[in-house]
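The structures come next, written out as structure tokens.
Two complexes follow with subunit A in common, the first pairing it with subunit B and the second with subunit C.
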Partner chain A sequence: MGEASKISRYLYTVIVLFLIWLFLTASLDPQELAFGLILSLIVAALTYEIFTTNGLANLHPRRVAYAIAYVPYFLWAMIMANLDVAYRVLHPKRPINPGIVECKTVLKNEVGKLALANSITLTPGTITLDIDGDKYFIHWIDVKDDSVEGASKNITEPFEKFLKVIFG
Partner chain B sequence: MNALAAIGEALVLIGTFFYFLSALGLIRMPDVYNRMQTSTKSATLGSLGVMVGVGIWALGTDFGSAAWLTKSIVIAVFLLLTNPISAHALIRAAYKSGIPLWEGSVVDKYREHLEAKDKGEVEEAPAEEGDEE
Partner chain C sequence: MLKRALAIIFLLIIGYWLAQGLAGVPFGEDRMLVGQYYLDHVKGQTGAVNAVTAIVVNYRGFDTLGEVTVLFIASTGVGALLWRKKRERTAKTEGSMVLTTGTTLLFPFVVLFGAYIFIHGHLTPGGGFPGGATIATAFLLLYMAFITYEIPHKAFEKTEGIVGMAYVLVGLIGLAIGGYFLYDWIWQDWKLGADNIGRLLSGGFIPIIYTIIGIKVGTELSGIIDNMLKEEVSE
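Up next, the complex of A and B:
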């Protein structure tokens, strides 16, 4: 996807900054809102060039819906994996089976790849070691399948179906 | 004591439990990679539980307001954005500095990948020398 127009990128940055301001102040007082808007406009003017390349296209309803659906899905995956690792830590025999596996991703977008790598790292039991093109090298605490396809099916695919839509 | 405060207290308790597990994992795991797995990750859920728990807990007290919850959620989101980057940087640095995997490790695709890459470069270099001769 090529770069969106400057205005679209600028507006998107303003919206995101203003949302963060709203969360941080948690107040609907007109003075607070006005000052937050002024600050967002100034900071966005300085930073929009490195903040986003897609601009307002990121706020497409389908993408936002998938992003919202991704949050509980991801939290659930994270909690389940945490319990799995907790079991491995507490079990007297320490049932680990670690190794570094290779996964392939279907994502093309750089930001999408970053989001996938971060999601993998945040899920306990897997850490992204390195990315080279579409190859992910992942340290996995319990290697169930060391082939590229098997590992991809286990690690990257559950996240990809969401990230594919969110980041295009 | 009301329901919100009770939920918050439970979340903080769960968070501290995962902190404890990550400290325990640090002692029990055999090599640096597996220690990273247990320590950095459990700490994430631990911090999430404690922060969101504090936000909800404060809602149930008489001095609390919605600002507690939104601020703690913003902190949690920034933590989720930055934590994996440091974990990735640490484990990659460990690998690049040559720390071996635990002997029980089953597979190391990254080494195969690096070796294949090196070989590709090494094979080209002697061929060029041969041409010069």
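Up next, the complex of A and C:
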């Protein structure tokens, strides 16, 4: 995807910053809203050039819907991974089989790759050690499959089906 | 053994002393009359709900101007100590994809959060100094992630000078209207925000001064970071 126009990128930054302002103040007081808007306009003017390349295209309803759906999906994945690691810790035989595997991602967007790396690290049992292009090097507590395809299927694909829609 | 016994006896004597001294202080009574004065009058006299901020910026505004000056001198000192004819960024390892992308993503939020802290100085804990430091952290992030990044020096130096003068100007307007330096004319004469204490538009000139301090501290600390991260290069 090419770079969006300046206006689109600027407006997108303003909208995102204003949403963050709403979360920060947790208030609908018109004074707060007015100041939030002013500050968003100023901060966005200073920072939009490095913040985004896609601009308003990021706010496509389909992307937003997937982003909202991703939150419970990710939390569920995290809870299951937590229980799995807890089981391995408490089990007397300690059934672990740690190792470093290589995964390939289909994501192209850098922010998407960052989100994927952080999602992998946040779920217990897997840690992203390094990223090189579309290759992820992941430390896995229980290596079920050490081939690139098999590891990707287990680790990155569940997240990717959401992230590739959200980040394009 | 003897040493240990002596130490214990010594500690007991000191303990007895302290207990004796503190026994004369009535328990639970306010020893600081001036503190109570501030707490009783802060809303009426300054329009701020945060008594600490009101003391720092309003009652002791002149002292705060001094603190800003101290920071300015510290920044100048760093600049003078590290001054060389030609200095450049010499970092060699480019930040990883995670670091650079994360930085570009977080940078606007960190700046906005800094602004949030200093604009709410009269309502919440915080104010210009932590807000400015937060903004400087955003620039530190950029320095860490991009090995060739440098702050826009000209713009930063000008902004710093202008907001520094703006602080003095606010004080001088007070002098012209109310008769003393840093007189809070917005609260005392205009009564702006008198009917909505505790909301954003209250607190007299505290938000204005904290905005000034926030920008000044932010630009100044970014300058210090810039000075410390650059190294001398031979021509």
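Note that in this section the second predicted complex is superposed on the first by the 168 of 168 C-alpha atoms of A that agree within 3 Å, B and C clash if a C-alpha of one lies under 4 Å from a C-alpha of the other, contacts with A are read in each partner's own complex, and residues count from 1 in each chain.
Please note the rule applied: contacts are C-beta pairs under 8 Å (C-beta built on N, C-alpha and C of every residue); 3 or more make two chains touch, one makes a residue touch a chain.
No experiment lies behind these values; they were computed from the predicted model shown.
When both complexes are overlaid on subunit A, subunit B and subunit C end up sitting side by side without clashing.
In the superposition on chain A, A:V89 contacts subunit B only, with no contact to subunit C. Contacts of A:F23 after superposition on the shared chain: subunit B is touched, whereas subunit C is not. When the two complexes are overlaid on their common chain A, residue A:S40 makes contact with subunit C while staying clear of subunit B. In the overlay built on the shared chain, the residue A:P98 is in contact with subunit B alone; subunit C does not reach it.
With both complexes placed on chain A, subunit A has more residues touched by B than by the other of subunit B and subunit C.
In the superposition on chain A, contact of A:D130 is made with both subunit B and subunit C.
The superposed model places subunit B and subunit C at 70 degrees from each other around the C-alpha centre of subunit A, with the value given to the nearest 10.
In the superposed pair of complexes, A:A117 makes contact with subunit B and with subunit C alike. With both structures placed on the common chain, the touch criterion links A:L56 to neither subunit B nor subunit C.
In the superposition on chain A, A:V106 makes contact with neither subunit B nor subunit C. Legend: residue contacts after superposition of the two complexes on their common chain; A:V165 is shown touching neither subunit B nor subunit C. Between subunit B and subunit C, the shortest distance over C-alpha atoms in the superposed arrangement works out to 7 Å.
Judged by the document's definition of touching, subunit A residues 20, 24-25, 117, 128, 130 lie at the interface with subunit B and also at the interface with subunit C. Residues of subunit B touching subunit A in their complex: 18, 21, 24-25, 28-31, 33-34, 36-38, 40-42, 44-45, 65-67, 69-71, 73-74, 80-81, 83-85, 87-88, 91-92, 95, 101-102, 104-111, 113.
Subunit C meets subunit A in the complex at residues 96-98, 101-102, 104-105, 107-109, 111-113, 115-116, 119, 196, 199-201.
Those residues of subunit A lying in contact with subunit B across their complex are 20, 22-27, 78-79, 81-82, 85-86, 88-90, 94, 96-102, 117-119, 121-130, 132, 135, 137, 139, 141, 143, 146.
Every residue of subunit A that touches subunit C in the complex is listed here, in rising order: 13, 16-17, 20-21, 24-25, 29, 31-32, 35, 39-40, 42-44, 46-48, 50-51, 110-111, 113-114, 117, 128, 130-131.
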